[in-house]
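Common to both upcoming complexes is subunit A, partnered first by subunit B, then by subunit C.
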Partner chain A sequence: MTGRRTVGWAFAALAGAALGVSLVVLIVLIVITALQAGPITAMRAVAEAGISLSLRSMDVPSTRESLSYSTIAQVEAGSPASGLGMARGDALVAVAGVPVDRPSRAWDAVGAAPGGYEVTLPVAWIPRSEITLGALRATSVAGETRVVLTSPSPAAQGGGLRAGDVLLSAAGIPIVGTRQAWEALVVAARTQGTPIELTLERGGELQVIAWDPTARAELRFVRNPLRAWWTFLTTLNEPRYPERAGLFPAFVGSVYVVLVMAAVAFPLGVAGAVYLEEYAPNNALTRVIEVLVANLAGTPSAVVGIIGLEVFARALGAGRSILAGGLTLSILILPMMIVATREALRAVPQTLREAALAVGATRWETVRHHVLPYALPGILTGTILSFSRALGEAAPLLLLGAFLFVTYVPRGLGDSFTVVPLQIFEWATRPQDGFATVAAAAIVILVTLLLVLNALAIVLRNRFQRRWSG
Partner chain B sequence: MSEHVAPPVLSTRKFSLWYGSHQAVIEVDLDIAERQITAIIGPSGCGKSTLIRAFNRLNDLIPGVRTAGEILFRGEGIYRRGVDPVAVRRHIGMVFQKPNPFPKTVFENVAFGLRINGFQGNLKDRVAQALVQAALWDEVKNDLHRKTGYDLSGGQQQRLCIARALAVEPEVLLMDEPCSALDPIATAKIEDLIRDLARSVTVAIVTHNMQQAARVSDWTAFMLLGELVEFGPTREVFTRPKDSRTEAYITGRFG
Partner chain C sequence: MVLTPHSLGRAARGRSRRERLATVGLTTAGLLAVVITFTIIALFIQGSVPFLRKVPLGEFLGGTRWAPIHEPASYGILPLVGATVVTTGIALAVAVPLGLLAAVFLSAYAPSSVRRVLKPALELLAGVPTVVYGFFALRFVTPLLQGFIPALGFWNGLSAGLVMGIMIVPYMASLSEDVLYAVPRSLWEGAYALGATRFETVVRVVIPAALSGIGAAFILALTRAVGETMIVALAAGRTPTWPPDPTKPLLTLTTAIVNIATGDHEATAFIWAAVFAIGLLLFLVTLALNTVSYLVIQRYREKYA
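Let's look at the complex of A and B:
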């Protein structure tokens, strides 16, 4: 008696563990991805203020150290940032008092600032070299590079610099080049704050002047998550800056590919299943076909990609188009469609077929009017599940040679394309700040889409079941 | 209730049927008389359902079925080469053991056979007529398009199936234990209905309820292990069986 109970408990524990692990994994996955994708709101806020950032670094002379800083890679015309006089090539030094050593620091500072959707934060930046310093010339004296300020800019003059000053170091960082002089200022401002202790040689004498070359202003940021996600989903992709990345081309590509796949795989799959279940004689050929379908269902998706490449892209000349992608995916899900549809057809009571045949219906009339409608909820459920599998596939399309990098929206069957999983793959492999965030955001959108599709499958099934049972 | 000999509508000539290697019907010779009720009785597994399903070639659906001998419908062999089973079924309707209405409205259940057979007349009238014939009209006339076949009670469902079969005006109505899934009241209604139907249509009914066979039928065939043991007017089979096995069965010694 106790032995039998123990077995029962063991099974209960195993089942509980399996279900618990699935649930925990799913929740952890969603939470982690959502957390990863969180900064997209602040990234978008910075981008909409007009600033695109990129990471630079400066090697500290005579050390092996390297210090990073952020330049403003692009300022959108007419944006608040351009209104403040920011321009391409300036360095962003601090946002809301937080030193900015890399782009993500600026986004995080905007994201973490207290306040509502809209916040106005102080920003500090150092305009590009010709505005901050003016014209520089490098001369070589006794093998040592000396950086001479030949014609100081108004800002430099205002800071007390004069023509002919030789710049030696900024806050202890040696100045060894005309470009590096400005970088040294930026890095010094970032690491040690302003004013900067600038050491220079004027008329043969060393002088130290305290200078604050930063420009300061208040900039308004709009941190609206809904708008950020919506913009992410509906804008074209700007491949260089993650804060301007958009999922739209990949999203449209996915939709087109799945539509092509549906148009091919649904009728073929249903027709194949109807033939096997309702018409096929019980003979060797039928069994061979069944084995082939089962094997195709077990084919690795990468292999299916090779078929797509050789047959659709090359032999049939469809190239790396949406048509080729849709056809490739349709091969992938065709066996799943057939298996799901056959299961649904098998669940149709034989008495229903007999009822139709007994009033003089042909086989086709029986299938068309009674068997298919009865099996439809099951067929649709299987179809949607197959589609959601295809929606998440990257491998076959990667082998087909679908582009990873698409900045336009495909318009027709012949256009090249990318899909959401490939876009995620591309973003996830980028080392720069922020691409991990947009990859996570794309994952969130893809997973949401899959959940919506699966929910739709359940709703469809329930609705039809209600209809049948009255 | 007359027991005069009418010309047979359906007749089997040394008809045998195999499921794979198992022979379920063994050389049966049977005549089914026009506008009479023929009951086929016998214990479970005696081949009576198989035989009745052979009359409209429904066994064709089962893989591995083989037949020998002939079944003649008005003199034409229905198993002959080139005979379309669909055409056979248009003349020989069937009602099944378990009510199997379509999951559609009451109206569509009856109208389906008419639609696919290209019925030209007034669909509404014909459906109503079939429902009246099946003694269901009064119970469903207000819900024709509102209720589905599944919303009806078991007895109503079976009468709906009868209406569905009658709508296409078959010459023969095959009934495979039509009351076995019904309660006694519903059974009584169906039995009355069968008697009424025999005025216009030939009925062959399989039953393992001997009282039902005795109550309803004009002719009775007793089958055992695939063979037709005895066939004759119902009153004679039940009162003066010629075969000792028939006697044993109807007196309840086995079955």
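Let's look at the complex of A and C:
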């Protein structure tokens, strides 16, 4: 007896644990992903201070080592950064005392700095080569490249460099090229700090001078999470820089595609379900239709994508447009709509139909005036669930060739487009710093939207069930 | 309005015209599923013909090298089938036991208040888009697993399969719970009356009674895993390997389609024929599986209706 009971309890615990573990893993998944989106606030703060960063690297001569650094790829006109004299091509060396080897380091430094929404942090950068050094020339002497400073810039003169100096190494990093001379300064400043020990040959003699080529200033950053998320959601996408990524084109694309899909799949789905439930004779054809609907619901979305490409984009000439995307999703959603609507229709009491027919209503009048209104909440629930499924669907549109880099807002049915899940896919596949963060941010927005829609559907269904059963 | 024989007749004619119109319209909509399915089949067969004319069926189904854009091209589909089998197998090994146990807990053990909360929660989680799971596999599960298996590649079938399994758990649980819940109360009560414990009732009476339905749920989970695209596209990589190794990048049937479709080939290129051939294979497999599971569930419903 106790043995039987123990086995029973163990099994119950196992089953409960399975459910618990599954729920916990799924919830942890969503939470971890949401946390990944955290740095977006600091990224937007840096972008709004006016700078976009790029990762670069320099191969250290005569070693296999490669050292990374970050250049300022873009400075927005009129921004605080441009007011400080920062310009495209400068290298960002440190933010708040944190050496910046890659863009994410700068974002993290801004994010981690103590203070409120607004912080003013010291930034150090090395202006581009012609400002820092001036004009250089490479000459080859006995097979060795020598980099000669032909006309030093005012900054270089201020640091003690003169025309005709041959630059040999910066903090031990050999100088072997005109572009690389500046890179060596940047990497030296980042790894060893300033002043940099610069070895040069002047008038045939070796000289070592200590030089600090960095420019320093205080830059104000505004770390406002609400504003960061709002900007992310409402700006156009700048595909090169994750800190300027925007979800707006994808969001509008999703809305358009789902609207097209709704206009097609909702009437056809409801009509198909009404036919099967209220009109279809009980014969072999009806059973075949039922099997086919169930099959279509289980057809892999990649297969549906091929149909969309072949039929809508190519044969009907809709191209890679919103129209083709909406029609493709309709094929995917139609069977779901039919199944959901049929379930709602089945829940309508038979007595209602009989009463309507008994007072002389035709079949269509019965359906139109009695059955459909009664089933409406159930149909709406199924519709919301189907549409939210379509909102998250990426594979068929990926096959359709929806553009992965859409930087404008689509305006009409014939425009090319992208959708939120595809944009997430595109960001997730990019290895550069920061794209994982914006992918996670887009996931947070998409999942929140879907959870709200699904919760709405579930609430609707529960109220509806209680009403009919009670 | 004055009712005269004339106005009544007109109204009746209007009614019957509307009635005919409604019947025609609804029947057309009902037949749409048939039209779509046959369009798919016709399109895929038509698209596959040039492929099968050039590539012998034996070489297609039995070849172990998939290299459609190389010279010479090779169209052996086994690496893709193998990759799909590996990721699907891993996914089902996770999803079936967890989903089934969760369903048993919900239908046999959970108090109805708990069930009312957890069932919708499972359905909510089943609605999370697969691209989200793909991101999770790529960014968290793979790095986590690399701690235990140092040889694990950046792209690999293992983490894609595991995450696909996690994704399918709510689906499997929800489907099996429906099936278990549909087993008549009288069967449970009969078993209790004979002195069976709850465990014995579940394992010896309810699960056997629901077995065909559980089988159908299993098949639906299987087709879901076979057809899954975004998780494998993100986390499993795009390299066809034979024999398939879950620690290495894999190219599944679905990602092979994605690969070609996103590869910027001319619309007339022969490579599209390969897309149709793979698509036809996928469609036929899922058609067979879906039909079986649909018929099983129908019969099961009739048995207990």
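Keep this in mind: the second predicted complex is superposed on the first by the 439 of 470 C-alpha atoms of A that agree within 3 Å, B and C clash if a C-alpha of one lies under 4 Å from a C-alpha of the other, contacts with A are read in each partner's own complex, and residues count from 1 in each chain.
Just so we're on the same page, a contact is a pair of C-beta atoms (placed from the backbone, for glycine too) under 8 Å apart; a residue touches a chain by one contact, two chains touch by 3 or more.
Since the structure is predicted, the reported quantities are computational estimates derived from the model, not experimental observations.
Asks: Superpose on subunit A as described above, then tell me if subunit B and subunit C fit or clash.
Replies: Fit.
Asks: Which partner does A:T231 reach: the first (subunit B), the second (subunit C), both, or neither?
Replies: Neither partner.
Asks: Contacts for A:S386 in the overlay, against subunit B (first) and subunit C (second): which applies, first, second, both or neither?
Replies: neither
Asks: Determine, under the contact definition given at the top, whether A:Y279 touches first (subunit B), second (subunit C), both, or neither.
Replies: second
Asks: Which partner does A:T362 reach: the first (subunit B), the second (subunit C), both, or neither?
Replies: A:T362: touches subunit B and subunit C.
Asks: Which partner chains sit in contact with A:L296 here, subunit B, subunit C, both or neither? Use first/second/both/neither.
Replies: second
Asks: Does subunit B (first) or subunit C (second) touch A:P349, or do both, or does neither?
Replies: So A:P349 only meets subunit B here.
Asks: Per the contact definition in the header, classify A:H370: touching subunit B only (first), subunit C only (second), both, or neither.
Replies: first
Asks: Which partner reaches more residues of subunit A, subunit B or subunit C?
Replies: Partner with more touched residues of subunit A: C.
Asks: To be precise, I mean the smallest distance between any C-alpha of subunit B and any C-alpha of subunit C in the superposed model; what is it in Å?
Replies: 5
Asks: Taking the two structures together, which residues of subunit A meet both subunit B and subunit C?
Replies: Residues common to the subunit A contacts of subunit C and of subunit B are 362, 365, listed in rising order.
Asks: Give every residue of subunit A touching subunit B within the complex, in rising order.
Replies: Touch residues, subunit A against subunit B: 281-282, 349-362, 365, 369-370, 373-374, 468-470.
Asks: Would you tell me which residues of subunit C are touching subunit A in their complex?
Replies: Those in contact with subunit A are residues 15-16, 18-19, 22-23, 25-34, 36-37, 39-40, 43-44, 47, 97-99, 101-102, 104-106, 108-110, 118, 120-125, 127-136, 138-140, 166, 169-170, 173, 197-200, 202-203, 220, 223-224, 226-230, 233-234, 254, 257-258, 261-262, 267, 275-276, 279, 282-283, 286-287, 289-291, 294-295.
Asks: Could you pull out which subunit A residues touch subunit C in their complex?
Replies: 4-5, 7-8, 11-12, 14-19, 21-23, 25-27, 29-30, 32-33, 36, 267-268, 271-272, 274-276, 278-280, 288-303, 305-307, 309-311, 314, 331, 334-335, 338, 362-365, 367-368, 385, 388-389, 391-395, 398-399, 401, 421-422, 424-425, 428-429, 436, 439-440, 443, 446-447, 450-451, 454-455, 458, 462
Asks: Can you tell me which positions in subunit B touch subunit A when the two form their complex?
Replies: 56, 58, 61, 63-64, 86-87, 89-90, 93-94, 96, 98, 100-103, 112-113, 116-117, 147-148, 150-151, 161, 164-165, 167-168
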